[in-house]
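What follows is a pair of complexes built around subunit A, which joins subunit B in one and subunit C in the other.
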Partner chain A sequence: MITVNNLSKSFGRKEVLHSVNLRLDAKVYGLLGANGAGKTTLIRCMAGLYEPQQGEVLYHNEPIHKSKSFHQDLGYLPQAFGMFRELTLYEMMEYICSLKGIPRSKCTSEITKALTSVNLEDKAGDRIKTLSGGMVRRAGIAQAILGDPKVILLDEPTAGLDPSERARFKNTVSELKQDRMILISTHIVEDVDACCNSVIVIDEGRVLFNGSCEELRNIALNKVYNINEADSDRITGEKFILKVSEMEGKIYHRILAKEKQAYESEKPTLEDGYMCLVKGIV
Partner chain B sequence: MRRLYLELKNQRFYFFVPPVVLFILVPLTVLATIKSGGGNNFPECATISQLFIPSFAAWWPLFILKEYLNSPGRELLFVYKSGRDSLFSKMIILWVFYLLHVVIVFIYFTSLFDFVWFLFIAVIIQSMFLIALGYFLSLLFQNTFIPLIINFAYSSIFMLAVLDSPLSIFENGFFNNTGSLSKSIVVAIIASILFYGGYQIEKRLYND
Partner chain C sequence: MKKLYQASLLVFLRSKNLSMPYFVLLALTLAYFGFCFNNYLQYREIFSTLIWLVRPCIFFIVFFIYLSYELTIKMYDHNMVEYLTTYKHGLWKTYAAIIVCLLTIIALPSIMFFVFILFIYCYIDVQYLPFLIHLMKLSVLYFGLSFVTGIMLGTAMAAKLKTKRLVVYSLTVIFMLLNTTFTDVPFRVPYLLFNSYRTERMLYYFKDFLTVVPHELGNNFSVVPIYGFPMEPVRWILAGFWILFPLTLILTECFNRKTKKALMATSCLIVLLGAGLFSVRGSVLLMDMRVDSYPFADPFYYQDRPREDYSGYEAGFMIEEYKMDLTISNELHAEVEVTIDNPDLDRYEFTLYHGYILKSVRTEDGELPFTRQGDYISIGSLNGADRLTFKYYGKSPKYYANRQAIALPGYFAYYPKPGRMNIWDPERYGYVINTSPNESIYTVHIRSNLEVFCNLAGSDNSFHGKSNGLSLLAGMYDEVAENIYAEPVREDLPQRAYIREAEEILIDLFHRLERPEAILHFADKKFFQVPRSFTLNSNTEHVVVMSDHITADSCNNGPELAKSIMESILKPKSSIRFMWEYLDYLFNRQDETDPLFQNSVDLNILLQEIDELQFLAAKYSDMDREKYLNMNEQERKAYNAAQNRMLDTNVKVDDKAAKYLFYESPRKEENLRIFFDFFTSESDEDYLELVEKIVREELEHDHS
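== the complex of A and B ==
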């Protein structure tokens, strides 16, 4: 569906993306990376907002800037969203419908469907500026899914959402995921675990990993140990303390260790796999 | 047109500033000038028209450009290209929309003065120039505040202090023959160049 070929992007002397190659099909992908890893730049290149210095983005084997269908098939949520603050939510959605080229006869049903899926149908008449940060974020998600797009690029969709809104977002993604490519950029590993089939890990503009959630988890297989603080110094080789927790008055360290240890290893989570990759414990 | 309507609606109270200037401030100031002076006050009224009417022409365009240049999530306006109009075409439509308002003011002026249509042509060309300048500078600076300040500073300085400067788009006089439009032709040419320059920046910035 979407192919990223040898994509490089620089801002001045700073190279943000280094020869990125990806092939994305009709699945839900999580794009994981630390702040400044290049997630937003990659998404903006894929949305056609940035012209890369090298390489290209293809939609059905056609460069996106030449593809007539790409911009009609695209749903995009930017990292910051909150334009037309004086319009009502319904009017803002109507504006986006018009931008996306959705026929006016279909607008009302499309807007109602999108607002219902993010639980904002009762806020349709409210001005954008009166909505809370979480509601504006949900409005952003609603505009992205307007018109049944085949390609949905969501840049940090769950930022600022409370736990129930995040759960609802995951349900929305589950309902949407048939026959379309959804790319969710985030640094919240839990969100990727809950709603993505595949994960792409990016660090300093390079793709470190592209595979299934299971494969990413398996990177940390036999490398995760939950041990008493006192035993922490007995870990040999390269290690990284993931988490410090307290249980029954004792302090425990969740540790990633490169070498096999004398302790029993824990079942790895997606976050363990991700941390193994970015900390070089592989 | 529906999008333009929503963009204007998004301006809320600010939308009403140009109509208040055109339909209240200008007629009242012109009436007060006529009442206060004896004889023919047309040159003074022409000065008032040139001071107020063109300087508010760029108001709506700059507030619309603000959404494209400064609002959070503005990239959406450039991602969903299928139904998007160019900013250049919006500027032209807004100039025509403003022109329709100015026509109403000048219809009123015909009841006060004999020759108003040469002044009308001069004023709409000055309005076009200030819209073109606002469009060009906004895209150049990626900001609408500086062009707004420049717009009002330019109008005030050249209208009130140095009217006869070659850099001024404004003119003194009776506007009673085609000769009084000689400056307007140059202003129209410069406005076209500014529109062209702005359009080139728009194309380069937004990959059209």
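== the complex of A and C ==
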């Protein structure tokens, strides 16, 4: 569906993306990376907002700037999202329908569908300025999915959402994922674990990993140890303390270790796999 | 698109910081119309009312900059641009909807102004189509396009400067100040510091380019009815520029890649084109405080030049015939063929105002070398040829010729005149009336978008005839009565009856002065009323009588016109004030309520005062700037005191002498005659000597 070929992007002297190559099909992808890793830049390049210095983004094997259907098929939620605060949610959705070229006859049903998906159908008549930050974020998701796009790029969609809203978001993604390519950029690994079939890990502008969640988890296989604080120093070789927790008055360290240890290894999570990649414990 | 437009309008209406001031502005506009209408009812001066109407225009523009910026910036304030850009032409459509919405917002006040102007036109009942067209153009340029400029600038600043409000509003304030006369003082500073007007000229050049309201706020000069409000082609080009240039800036934000580059190139092209067309704007009527403005340009130009006395300069030849091919577009482009009566001279001198750039001088045999020195052209021998063709173009700051109006009086050297003549007389502070004593044959063809009125017979801008000067006038100008040409919009239209009355008064007067040979017959000549502003920087142009026509700045009644004509006949020499007093007594217009009329003049005191005046004048006769600078403080004080004393005494002497000689004296009729001869002669005699001589004679006569 979308192919990213040898994509490089710089801002001044700073090279943010280095020869990124990706092939994305009709699946849900999680784009993981630390702050400043280049997630937003990559997603903006894919949305056609940035012109890369090198390489190209293809949609159905056609450069996106030449593709006639790309903009029609694209749903995009930026990291920072807002709407005209003076309009009601419904009026704003109508505005977006008009911009997206959705036929007037379909507008009402499309808006209702999108608002229902994000649980905002009862807020349709409210002015944007009366909505909470989380609601505006959900309205952003509704805006992105309006018109049934084939490609949905969501840049940190769950930022600012409370746990129930996040759960709702996961359901929404599940409902949408049929025959669509959805790319969710985030640094919240649980969100990826819950919604995505595949994960792309990016660090310092380079793709470190592109595969299934299981494959990413397997990177940390036999490398995760949950041990007592006192035993922590006995870990040999390269290691990284992932988490410090307290259980029944004792302090435990969740450690990623490159070498096999004398302790029993834990079942790895997606976060373990991601951290192994990022910290070079592979 | 309709939905987008409606939504943009809803955003505007629901934004209290935008809609509330807007509706207040509309209400204030209505109240202001009431004020303007009341002003008309009081003074019956349509252009004065229109000036009041135009005055707040810049505030409207600034307000629309605010509205458009604040409406557009909401997109950026609410982080909408990023996702709008991902829709097909999303940002472009959003901008388009906002601009259409803003056009709707400005349409309402624009229509209000248009309707009010139409109402005023109907109310004054002038029924003059060119004036109606002028008013329509005024509505479009001042209350239409300038408002559009406001919204385009506001929107462009939102697109380019985003949320940098401080920068946006600073630029807006600068823009507003540049559209007012606020600049008069700061723009004069470079001159005060460096004694050069070059920087001032450059600053005004920049200001003119940014001027979207040509008759700016604070401008106290009145609008000339023949010309109307400045609406030369360059004003429309600038209005177009200030709409198109911001538009391309906005569009560069909406598109990527090749389209963006193409738009940036277009934007640069528009700047180059705008600046290029602006720099060849040609003749425009500048009426403000700059040194190049028409009231000041020539007085400044001639002030620093050594004055040469060319009165009586013998050209050695006459021009028998002129064949003129004039094109009046942005300025005057002329090809003038002259036939001279004496082709055997070694050297020929012509006068052509320095604002006209001479391209070539040629005879049938080819081009001739010439030298140009200010207003003067020198040519060597013509090798027997008697026809010369001058090709030139250019402008004068005062005597304009462009697509809006033409005011070229026959006494001004806008075409080559034989010999060297002064253009400006600093002593009289006025233009020298250069009319030849001989008539020439003129064949004139003018290419202009205007209907030109000329003293010669003809039609369709082609004229032929004999005269001693060619006057051309056009614009909001018409034949208001038979052979009387004037601005139909002016309240004080000339009438033939007034001209006849003036002639009768002057005939009686010349008989009274026993100078029947001086009698002028002008009652049946063509009469051209020239703009009243002609006399704004000149004391010599109230009335000019030429061989076949008269030009006058006004003709309200016969006695006034007669007095002005008499004034134009007299040569004041160094005694302008005394000449005016003479005219008052000659026309029996002296103010008898003046305290001077309470007692009769003591001739002995008068003679003492004349002596004192002559003594002081002789004492400082060789004073110049260098000597003044070399004086010590005490000497300067003494000199300044003497100057003040001279001024006071001069006024007293003029008043007393005129009252005695032309009012009290038993020989007052003879005195009037003596001074008529004095003022019409070429004599260099000092008038005070003549006054003294007559007074002494009368005293002696009394004693005997």
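Quick note on the criterion: the second predicted complex is superposed on the first by the 282 of 282 C-alpha atoms of A that agree within 3 Å, B and C clash if a C-alpha of one lies under 4 Å from a C-alpha of the other, contacts with A are read in each partner's own complex, and residues count from 1 in each chain.
As a working rule, a contact is a pair of C-beta atoms (placed from the backbone, for glycine too) under 8 Å apart; a residue touches a chain by one contact, two chains touch by 3 or more.
What you are looking at is a predicted structure, and each value in this text was computed from that prediction instead of being measured.
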Report task. In the superposition on subunit A, see if there is space for subunit B and subunit C together, and answer fit or clash. Result -> clash
Query raised in the report: Is A:59 in contact with subunit B, with subunit C, with both, or with neither (first, second, both, neither)?
Result: neither
Requested in this report: Classify the contacts of A:47 with the two partner chains as first (subunit B alone), second (subunit C alone), both, or neither.
Outcome: both
Query raised in the report: So, does A:252 touch the first partner subunit B, the second partner subunit C, both, or neither?
Result: neither
Report task. Classify the contacts of A:169 with the two partner chains as first (subunit B alone), second (subunit C alone), both, or neither. Result -> neither
Report task. Applying the touch criterion given at the start, work out whether A:29 contacts subunit B, subunit C, both or neither, answering first, second, both or neither. Result -> neither
Query raised in the report: Touching subunit B and also subunit C: which subunit A residues?
Result: 44, 47-49, 51, 65, 71-72, 74, 76, 78, 80-87, 91, 94-96, 98-101, 140, 143
Query raised in the report: In their complex, what parts of subunit C are in touch with subunit A?
Result: 1, 3-4, 7, 10-11, 14-15, 74, 77-80, 82-88, 90, 93-94, 256-257
Requested in this report: Flag every residue of subunit A that touches subunit B in the complex, lowest number first.
Outcome: 44, 47-49, 51, 65, 71-72, 74, 76, 78, 80-87, 91, 94-96, 98-101, 104, 140, 143
Report task. Provide the residue numbers of subunit B that touch subunit A in the complex, in ascending order. Result -> 2-3, 6-7, 9-12, 67, 71-84, 207
Report task. Flag every residue of subunit A that touches subunit C in the complex, lowest number first. Result -> 44, 47-49, 51, 65, 71-72, 74, 76-78, 80-87, 91-92, 94-101, 140, 143-144
